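One chain, chain A, appears in both complexes that follow, with chain B as partner in the first and chain C in the second.
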Partner chain A sequence: MLAPAVIYLGGFLVIILVKVSVLALSYQGASGVVFPSAQHFMGLSENPEFREALTRTMWFTLVGTPVELVAGLVLAFLVVGDFKGRGLVRSVFILPLAIPAIVTAIILYIVFDFPGGHVNDLLRGCHAVFPFRLISTPINWRGSGFFALMVAMFGKVWRDMPISMLIILAGLQAIDKEQIEAARTLGANAGQIFLRITLPLLVPAMSTVLVLRSIEMWKEFIFPFILAGSYPLLATLIERAYHEWRNPNEACAIALVLLVLIMGSTGVVLYVSRRLKKWLVAA
Partner chain B sequence: MTTVRLEKVSKTIGATPVVRELDLVVGDGEFVTLVGPSGCGKTTTLRMIAGLEEVTSGRLYIGDRLANDVPSKDRGIAMVFQSYALFPHMTTAQNIAFGLKIRKVPGDVVARKVSWVLSLLNLKGLENRRPRDLSGGQRQRVALARAMVVDPEVLLLDEPLSNLDAKLRIKMRAELKRIHRQLKTTILYVTHDQVEAMSLSERIAVMREGRLAQVGTPLDIYRKPTDLFVAGFVGSPTMNFFDGTIEQKEGKATIATRAFELALPEPVWQRCKTHKGKTVILGIRPEHIYRRGSSRIKEVSGNTVKAVVTVVEPLGDRVIVEVERSDVRFTLVLPEEARMVPEMAVTAVFDMEHCHLFDRASGKRIAP
Partner chain C sequence: MTLRIRVRAGRILWFSGLVVMVLIVIAPVFVMFKYAISDRASVVTGGMPIPLWPFHPTLEQFRGLAGTEQFLAAAVTSLQAALLSVTLSLAIGTPAAYALSRYRFPGVMVLATALISIRLFPDVVAVVPVVEIFTRLALVNRVLGVALAHSLLAAPYVIFIAMGVFDTIPIELEEQARILGAGPVRSFVRIVLPVALPGLAAAAIYVFLLSWDEFIFSYFLLAFGEQSTLPVILQKILSWTPQHNLLAAISVVLSVPVVAFTFLVQRYMQTGAMAGAVK
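Up next is the complex of A and B:
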């Protein structure tokens, strides 16, 4: 009975994790392979490329996760009510998920191209639909770390917000209508109901969104790889370490760092959402 | 404390009329129960008074104020929901204090009122529990406390006891009566359980298909149901009904069913003379049929029926006995000592002073 679970755990998790850890902790010294060795981690800590990638990844996650949560909340509140064509609207909102990420990324690559991309043309007032000339010279989106990562984040958030929406929507629908009605009869207005009833009851759904989405943000690869190639995040740096630096050990070391960060941030998110719920109730 | 007045209040959902031209007045401090089978519109009526459903037409007054368009929060009402609708993320104390905090009542007053209502409803010691850690009965009391603590002028209760087990239900019934006597709040109570309605209320409004079938004191409704529906709905076990023809032979008025003939007492005959020769429906409650020998009424010719026992349902102190005579079945309630068994022959004595006659076509009461 347990065999499938054991094979799954062994095959997909344990073996890979052990292998990655062994590689990350093995150092090819002058006198042969040293194990265990923290040499790769020490090397990384002094590597400016790694440090920059770490900072970028933190910002990417710290900004992108809340944006996805808010996008999910807004979308969920838009479609939760009863209205004609609700099914159709919901389906349209889920469409981004049906498009392969690589396709979305490449479309964004074309749209934000330099010097002749659509966005640049639009901002320079080349199209009748938007006859305002906001910039005179085109922006090199991929030439700036800030812009490149913003575009990557935009793609990531756009593609993934249906997941956030669905989780929040499920959370919203799980709230007993009579609880809202009870609050109304007890004198609460719409704002008070939202703050004191709906929001606290949505905390579990929101913390699920934050946990799932922050993990995805930490390890995001495709959008930054295509759209911000010169400004690697940790996940894209792993690829670079493996392919460009030809250093699989260091690639594994970065992967381990990423894993620890993900576990740490998940713990923080869970802790914070618990505090948040308490605070919302007490306030 | 205030009055609630409904004038021709109707509610239509889509094209379906749910409540039709309801006229009802609930007096200051009165305990009135809306009772009826599910789907009769009683809960919708309550929700209209609560401001959770719009009134389609008609006028709803709470006190002297026309309340049709007054938002729920300004109506001076509080409601207890069938599901209790406690806030799961709040403790008992927080749930109860919710309405007061929303009204920006000062903290010391909140503490005092919460403490008062906790002891009124025997909830002391449960202040810091979450709803999921409370039993059904405790949740029910928290829901009641949450509604009562805001000093509502009208307390609306929607089947508050229906999720409790039978024993607890009876206990809470007494509790509700005690609280009403103590606070004298106007209470409008909805239930489908006629026993609950009878035992709790000062007046009962029986509803059927969105209309009021009868309004009156529990005893009025029990003794003089206005039609077949009310007669069948109120009372347990249910009233026996027989098709019978009113006849007058040799100066004596009788009613003849398929299986037996019974004499009609003079006052009843006086009221149903007009139906002489016609088929009417005779109703008689099981508790008004006795067994020969144990009957409290005089056995005269024309009020006894010989029958055979078919089903016996012991209730402890009493037994409900179903008997049959020529395919006509009826039930009677006998003391436990009767020791009835199926196939036993029994002579039933009908207390015809307590019979009811209804028109067969309209179902309306004819006599007495």
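Up next is the complex of A and C:
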């Protein structure tokens, strides 16, 4: 009964790993195909497009992952208590998960249009609801690497907030109420309770969020593809290498670089959060 | 006194946070619906600011879509791919989940974790080798190819959700059926399956939505062909700079089933979203 799943999933995984490595490591030289060859990696390391994409991806991940965590924390702390209409608010906060990523990207494409999108109109004070003239000329969002990637990051964070919220919420609800009561009886104030009990006990949930979100940030494709087409990240550079450069070998080399980065950063996040928990418990 | 002020300030902070976050979540969804029911004059304004509410709300975009062959074909392709993905991934995942849940052989948890963790493998890394292999197998530009790729993404979720479902069904139920003379197949079909059905239905819906939403594999497999799924057609028409109300209308059609089903199976979606993350 296990066989179909093991063969399908395991088989595909092995084939993908072999294929991606073989393609990345074989080089079509003048005298036939050379394997193994680091030629594609050497070529990429001198390719400015690849270097820029690598830098952008690192910034995208380094900034985006903490933002995802903060967004999840904010949403979770907003709905963890009891209040009238909590169920409804929670459902609203789940909503982004139910909007397909490509749709979110398209909406942001429309809203951040140049020169006449809603955001430009609002910032120029064209609407009565927000009568402040913050900018005098519209911003060309997709024409600037910084703005384009910020918009892409906003989309990514917006769409993934609910998952982070649910994980943090599960972590918060798993905290033993009696422990907090005991601390309060012993005279701890709200700040101490948060720092000494809630935060350390929340570290596993937060590290789960960080691991999952950092993987997602490294490999993000849809939002930068739609919203920052001229400023590729590694994931969108794979698409460009495959479709525009017509070079599957280089596409696979980029993919391998991305895979190694993801595994490395996941290891670092896990290690740091383990140390952090020890430190918080000991302090 | 100071305590009361502090509690009050906390309430105000909490409430304004709530309002801001609700607005951030609602705004893009509102904009999508607003554009989808906008008339031409509310979208093509000739330099004037685009109104926050259309001058003449209209359903003409949806009527137009209903008569556009290319759109209907994409909707049919999306449906076919999603249904085929559901069939494939349930056929692969359910038996495996049952075995992992019922037979506690050594290393079973390692195997279960390994199978479920495959979902963490980055899709953009997998997509080029998959397309290269599928090109050789003539699976590119075909619904079957898309469904095979989607099943690859979905099967780990099915295993995770179905394992949880089977774990809740007491093994005594089956043992009693066996004592009464039912064979293993009969006891599975007559006893386990009916009890497991709601949970498995949730898994099916989850897979359907995953396939319906999926962009990366669909795009790489269908980018240069005649066929498109709905997410792919949305990207393809972006290059002809279409009117924004058309884009929004397609977006609404794409989103409505997902929103409806998500709230139907919210509980399972949550576990699915966290599958393999929490030990």
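Going forward, the second predicted complex is superposed on the first by the 277 of 283 C-alpha atoms of A that agree within 3 Å, B and C clash if a C-alpha of one lies under 4 Å from a C-alpha of the other, contacts with A are read in each partner's own complex, and residues count from 1 in each chain.
Note that in this section a contact is a pair of C-beta atoms (placed from the backbone, for glycine too) under 8 Å apart; a residue touches a chain by one contact, two chains touch by 3 or more.
Keep in mind that this is a model prediction, so the values were computed, not measured.
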Three-chain arrangement built on chain A, chain B and chain C clash or fit = fit
Partner with the higher number of touched chain A residues, chain C or chain B = C
Does chain B (first) or chain C (second) touch A:V272, or do both, or does neither?
-> neither
In the superposed arrangement, does A:D176 touch chain B (first), chain C (second), both or neither?
-> first
Report for A:V281: first if it touches chain B alone, second if chain C alone, otherwise both or neither.
-> first
Chain B versus chain C as contact partner of A:L195, first or second or both or neither | neither
Using only C-alpha centres after the superposition, what angle do chain B and chain C make about chain A, to the nearest 10 degrees?
-> 80
Classify the contacts of A:T185 with the two partner chains as first (chain B alone), second (chain C alone), both, or neither.
-> first
Should A:L258 be classified as contacting the first partner (chain B), the second (chain C), both, or neither?
-> second
Who does A:V70 touch here: chain B (first), chain C (second), both, or neither?
-> neither
After fitting on chain A, the minimum C-alpha spacing between chain B and chain C in angstrom comes out at 11
Footprint overlap on chain A, where chain B in one structure and chain C in the other make contact = none
Can you list the residues on chain A that touch chain B in the complex?
-> 176, 178-179, 181-189, 192, 196-197, 200-201, 203, 277, 280-281
Contact set on chain C toward chain A in their complex | 14, 17-18, 21-22, 24-26, 28-29, 31-32, 35, 45, 47, 49-50, 52, 91-93, 95-96, 98-100, 111, 115, 118, 120-133, 151-152, 155-156, 159, 212-213, 215-216, 220, 223, 231, 234-235, 238, 244, 247-248, 251, 254-255, 258-259, 262-263, 266, 269-270, 273-274, 277-278
Within the complex, chain C is touched by chain A residues 1-2, 4-6, 8-10, 12-13, 15-16, 19-20, 23, 74-75, 78, 81, 89, 91-104, 106-111, 113, 116-118, 121, 126-127, 129, 158, 161-163, 166-167, 170, 208, 211-212, 215, 218-219, 221-222, 225-226, 235, 238-239, 242-243, 248, 251-252, 255-256, 258-259, 262
Can you list the residues on chain B that touch chain A in the complex?
-> 50-52, 72-73, 77-79, 81, 83, 85-90, 94, 98-99, 102-103, 146-147, 150, 156
